[in-house]
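The letters A, B, C and D name the chains in turn, as written, and every chain counts its residues from 1.
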Amino acid sequence: MMIRAGIIGATGYVGSDLVRILYHHPEVELKLLTSKNHKNQSYNSVYSNFNKICEMICDEDDLDSAINQLDIIFLSLPHGVTSSILTDKILKNVKVIDLSADFRLKSVDEYVEWYNIKHSNANLLKKAVYGLSEWKREQIKNSKLVANPGCYPTCALLCLLPLIKEGILEEEHIIIDAKSGVSGAGRSLNLGTHFSESNESTKAYNVLSHRHTPEIDQELSEVNGNEISVIFTPHLIPMNRGILCTCYGILKKSYNYEDIKKIYEDNYENEFFIRLMKKNDLPETRWVKGSNYCDIGFSLDEKANRIIIVGAIDNLVKGGAGQAVQNMNLMFDLEENIGLKSIPMFPV
Amino acid sequence: MMIRAGIIGATGYVGSDLVRILYHHPEVELKLLTSKNHKNQSYNSVYSNFNKICEMICDEDDLDSAINQLDIIFLSLPHGVTSSILTDKILKNVKVIDLSADFRLKSVDEYVEWYNIKHSNANLLKKAVYGLSEWKREQIKNSKLVANPGCYPTCALLCLLPLIKEGILEEEHIIIDAKSGVSGAGRSLNLGTHFSESNESTKAYNVLSHRHTPEIDQELSEVNGNEISVIFTPHLIPMNRGILCTCYGILKKSYNYEDIKKIYEDNYENEFFIRLMKKNDLPETRWVKGSNYCDIGFSLDEKANRIIIVGAIDNLVKGGAGQAVQNMNLMFDLEENIGLKSIPMFPV
Amino acid sequence: MMIRAGIIGATGYVGSDLVRILYHHPEVELKLLTSKNHKNQSYNSVYSNFNKICEMICDEDDLDSAINQLDIIFLSLPHGVTSSILTDKILKNVKVIDLSADFRLKSVDEYVEWYNIKHSNANLLKKAVYGLSEWKREQIKNSKLVANPGCYPTCALLCLLPLIKEGILEEEHIIIDAKSGVSGAGRSLNLGTHFSESNESTKAYNVLSHRHTPEIDQELSEVNGNEISVIFTPHLIPMNRGILCTCYGILKKSYNYEDIKKIYEDNYENEFFIRLMKKNDLPETRWVKGSNYCDIGFSLDEKANRIIIVGAIDNLVKGGAGQAVQNMNLMFDLEENIGLKSIPMFPV
Amino acid sequence: MMIRAGIIGATGYVGSDLVRILYHHPEVELKLLTSKNHKNQSYNSVYSNFNKICEMICDEDDLDSAINQLDIIFLSLPHGVTSSILTDKILKNVKVIDLSADFRLKSVDEYVEWYNIKHSNANLLKKAVYGLSEWKREQIKNSKLVANPGCYPTCALLCLLPLIKEGILEEEHIIIDAKSGVSGAGRSLNLGTHFSESNESTKAYNVLSHRHTPEIDQELSEVNGNEISVIFTPHLIPMNRGILCTCYGILKKSYNYEDIKKIYEDNYENEFFIRLMKKNDLPETRWVKGSNYCDIGFSLDEKANRIIIVGAIDNLVKGGAGQAVQNMNLMFDLEENIGLKSIPMFPV
């Protein structure tokens, strides 16, 4: 029997990639697309790439009627909205993957501090699993509520967690300099993402204050045992898709290339979606576009005990819709990569 | 004595290029910048490229107080607004260069048909000169009200007028396929000019209905004598600046390369801002960016009596602010190229 | 039993998209990739998007050994090379889809005139079918040698053929103003496709002399009955993928929107890969990227009997690798869209 | 009397910006352009933006005949070439600004280590001044040989030197994550700068091995007194112009915003070409394009004693041709900003 899926908030960029991926997923039947701004419009009138493919009519964001006809709901709503509409009753009826930040942080206080909104459903936090598929596989399988990670944290955590788990990095000296394509800012209009303002320019933004920071800290700290606070600096790059994370660490003692390589292989050798680069190769965003892969490579300064880890993902796929489907696969006990095997497209 | 200039509506892209050009114009003192949306803000807070350069405070759009302290006003306002605020009294006190479409069309009916707004000041139309500098030089010199041409018409007319004047093109078969960078759409937010929507894509828009069409028709017809209706198709190109016009014509009889070349040279040899390409070379937008040049070249199919004329301009300079300053120079009897000699920047 | 496929010249952009598409084709086993420049290198070392996906070693371009182990060969070699190596013997053993221009033109003289090389295998021309799938379906099914169309002709012909077949356009007045992304120029280094030279600029190139012209003329003429010579002007657009064709025609008599719409529907209603736009909508390249679709729309000036038809394709898919696979499907009597159903990716 | 200037190696991107800037410099007469690859071609045939502007013929790279007719020579040659042709005799006759790396490093050993070529003229190193205008002004004024800084070091050093001089940063923890437009890679063809390979993608390159590293170390160490080794990671960004440096430092003790601001103001308040951002504002490359400005801003984590300094320059102007002209102005005792006042162009 097919998994009956619905997407609440289907007309953002992540929602649109969810439709694209789920539409051809062999185990999924897409039953419901909702949209606040495009209610009663056909999906292809909102995204013409779906002409003759998906011409479903966008519904209202009505969860109550949805839960009876669905097995899983993807929530792709603004921060604060998800937590205000999600209930125990819903979770009793359907599995939920939330793509907002509402259930990522375990601490309500941190949520309030960083998002500056009250959390309307703090009691559900305990039920939520942070959906970094490769690191929370078992919990995800048994969860009804998965908090899909942010795009930046996905890339940064996949790069750092092996070394952090091993405890070989000085915890107080971790810097993540991240670069993202403009689609990460979403489809809402904004002067900063107006073509002539963002094209042909680069900038850092939300320096020392980006909301993905506590998410990264939380997950690194959990795996490491010590409290970790990273420096995280996102940058906007004039391209549509892609995130590149350049992570800087100091090694507690001397390691050679093979030592580090082994740590990554021990963690990722059998991971379908993680591709470790060959020696001297580093990831570039062009090689992962349109796919759920995360490419990881590193460079070592053995004399200075410095390491630079570079990761690349497609921000809308592994950093959003793709990882959500990967999590769905886990929750329904399917092959983890089903529906997600598309080869990165190049050039694109 | 310096020319005291004011820009009404200084915070659009054309307004901003006006500030950039006038700021270093040796005969101009920039006295007034107004902005509806950025009233009381410093100009550099709106455009940070002007930090430490132009930190003037944006005023209200108050023409009345402006006219006493100024010699010339550049009006860079939305269509319909200019005509509603311009008066004979203003024109008695200052010269005006209007960058909107309000005074470009001689026929009020055409204006109403294409712009779908009533014209509030039809009586002033007779006083207005269509400011295509190279073709209306004498009238501009003697005018108090110049209607600065649209960006597309500037490029298309400079390409076509020599042949149209000569009467060698079949009047009913003129096609202009134009390509413009996104800055031509202005700074107002719009889904179509959102980065991820316009980057990496091309489209035709306003096909058979773009408002620059009657402007082109009017000027071609005037010079030719016959009523000319062109087919004009604008396209959006994922780049910031530049317009390329590919103009298709049918020659009434056989001409060779030298014949056509001579016609262009006769018209443009002494024009500072027009650069005729060498045989086999055609314009590209990259060679004119940041400058007031219009590059023109052509290709001839002698057997078929077909000609393709290609022109390139910077849409914000020769297609906007630059030509406006060129017209100001004419109106004040200055060297036509003063303040406008900057070399196209490449690569940029 | 799986179709055993080989790609001769697999490391160009079209070759790379062939690998991408064939790799997941459910009826195909990719047995051979060859490359002159990357002989003995693994495919993923040439295109890192294939890391952990396709790590085949690139072979020499040795057709003779290939024909015994393969059912179909895709030839993606430079013009002139294909015709020099293809033999009757090869065609006896395997089916061939040639992506060069060597077998597109029926007339050897035209080939010599436009490509300026001798044709080494003119006798094979009669066996070759011009592989415009939607228009040559039956011949392709029965052919052993398909000449895959050029990228521009694919788009232009799909736009024009319905009207040309109907005979409603003035044959001597057809103009195709085409815009292509830079990937169309291939992976060979060239100053014109160096990033800083082509980024942020637009130009026409090979005006009145582009080699895709005779291909368009040949196919239009064949369907129409009259000799047709189009004006075809390609432009380079600063984007990776996509072709937009803006086609200008004059209608022999008056038609209304519904008349024209019906002609397109009669021809394309049941075509999987052709999407006719709704009234007032026109294609944009962003909506077809990564897919085998061709979007077609038109605008009508009823008073002037003018029509503008706009088409959009992904130049590497429908304009290359995708159509080649579509043709392979036809040649092997498979569902025509098998392996080709991927949804256009947006934004990308 | 005009300064007679020559550019040896005038057809690279930096050379081309030198021509652009010097051409309108009121005190300079451009007497000589040389080019190895474009010998005997007119300059505008190499760069069509100079049509009707600079149509000088490119000479051979013959320094001997040049020195008698010139007052200053700009050497824009590949690393290793400059040092092999520069002689004491030349320096007796003309002033020299070298834009290669040959005279930047004081230590011949370091030069050999990083550039992997023998230095043919080590004795001249003592005479060379590192031409970071704002920091070496007095030495530049008295020098006959200026080694113009690399593009990355210019931006990084201007950001870091005030804090390094003050000694408030932990010397062993300085990280520079830099992002550059593709023009920085020059005009030579290379797969990595082919349009479809670099467009829409981001990557780190030359990680832990970029040749600009020792230059940064040398200058920081000299001003600080301690030996400093930075981590410097350059990235390629899909845009033509611009460098953004995101510099990470650890403060030795607690400082507040005003403390740091004062340090920058003490150093830069009177510097024409340095623009300190307002609190909470950080530089973006779009605001400096086409100009010689360097914009600097910073963000402070007071609790963690962390600072992030961001700088932006136009890589070809302040990072190349502009700073070279600034140095020339100093060497000839002119106003430092003469010929360099052009306002950053936006959008471009």
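Quick note on the criterion: a residue touches a chain if its C-beta (ideal position, glycine included) is under 8 Å from a C-beta of that chain, and two chains touch if they have at least 3 such contacts.
Please read these numbers as outputs of a predicted model, since none were measured by experiment.
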So which has more C-beta pairs touching, C-D or A-C? A-C
For subunit C, which other chain has the most distant CA centre? D
Per the C-alpha means, the centres of subunit C and subunit D lie apart by a whole-Å value of 46
Give, as an integer number of Å, the spacing between the C-alpha centres of subunit D and subunit A. 39
Taking each chain's centre as the mean of its CA atoms, subunit A sits from subunit C at a distance in Å of 37
For subunit C, give me the residues that contact two or more of the other chains. 13, 181, 183, 196-197, 199-200, 238-241, 284, 286, 289, 347-348
With touch defined as at the start, can you tell me which subunit D residues reach subunit B in the complex? 13, 16, 20, 23-24, 47-54, 183, 200, 240-241, 275, 277, 281, 284, 286-291, 293, 295, 341-348
As the complex stands, subunit C meets subunit D at residues 13, 181-183, 187, 189-191, 193-200, 238-240
Okay, in this complex, where on subunit A does subunit D touch? 173, 175, 177, 179, 181, 196-197, 199-205, 207-208, 229, 231, 233, 235, 237-242, 244, 246, 248, 282-286, 289, 299-301, 304, 306, 308, 310, 347-348
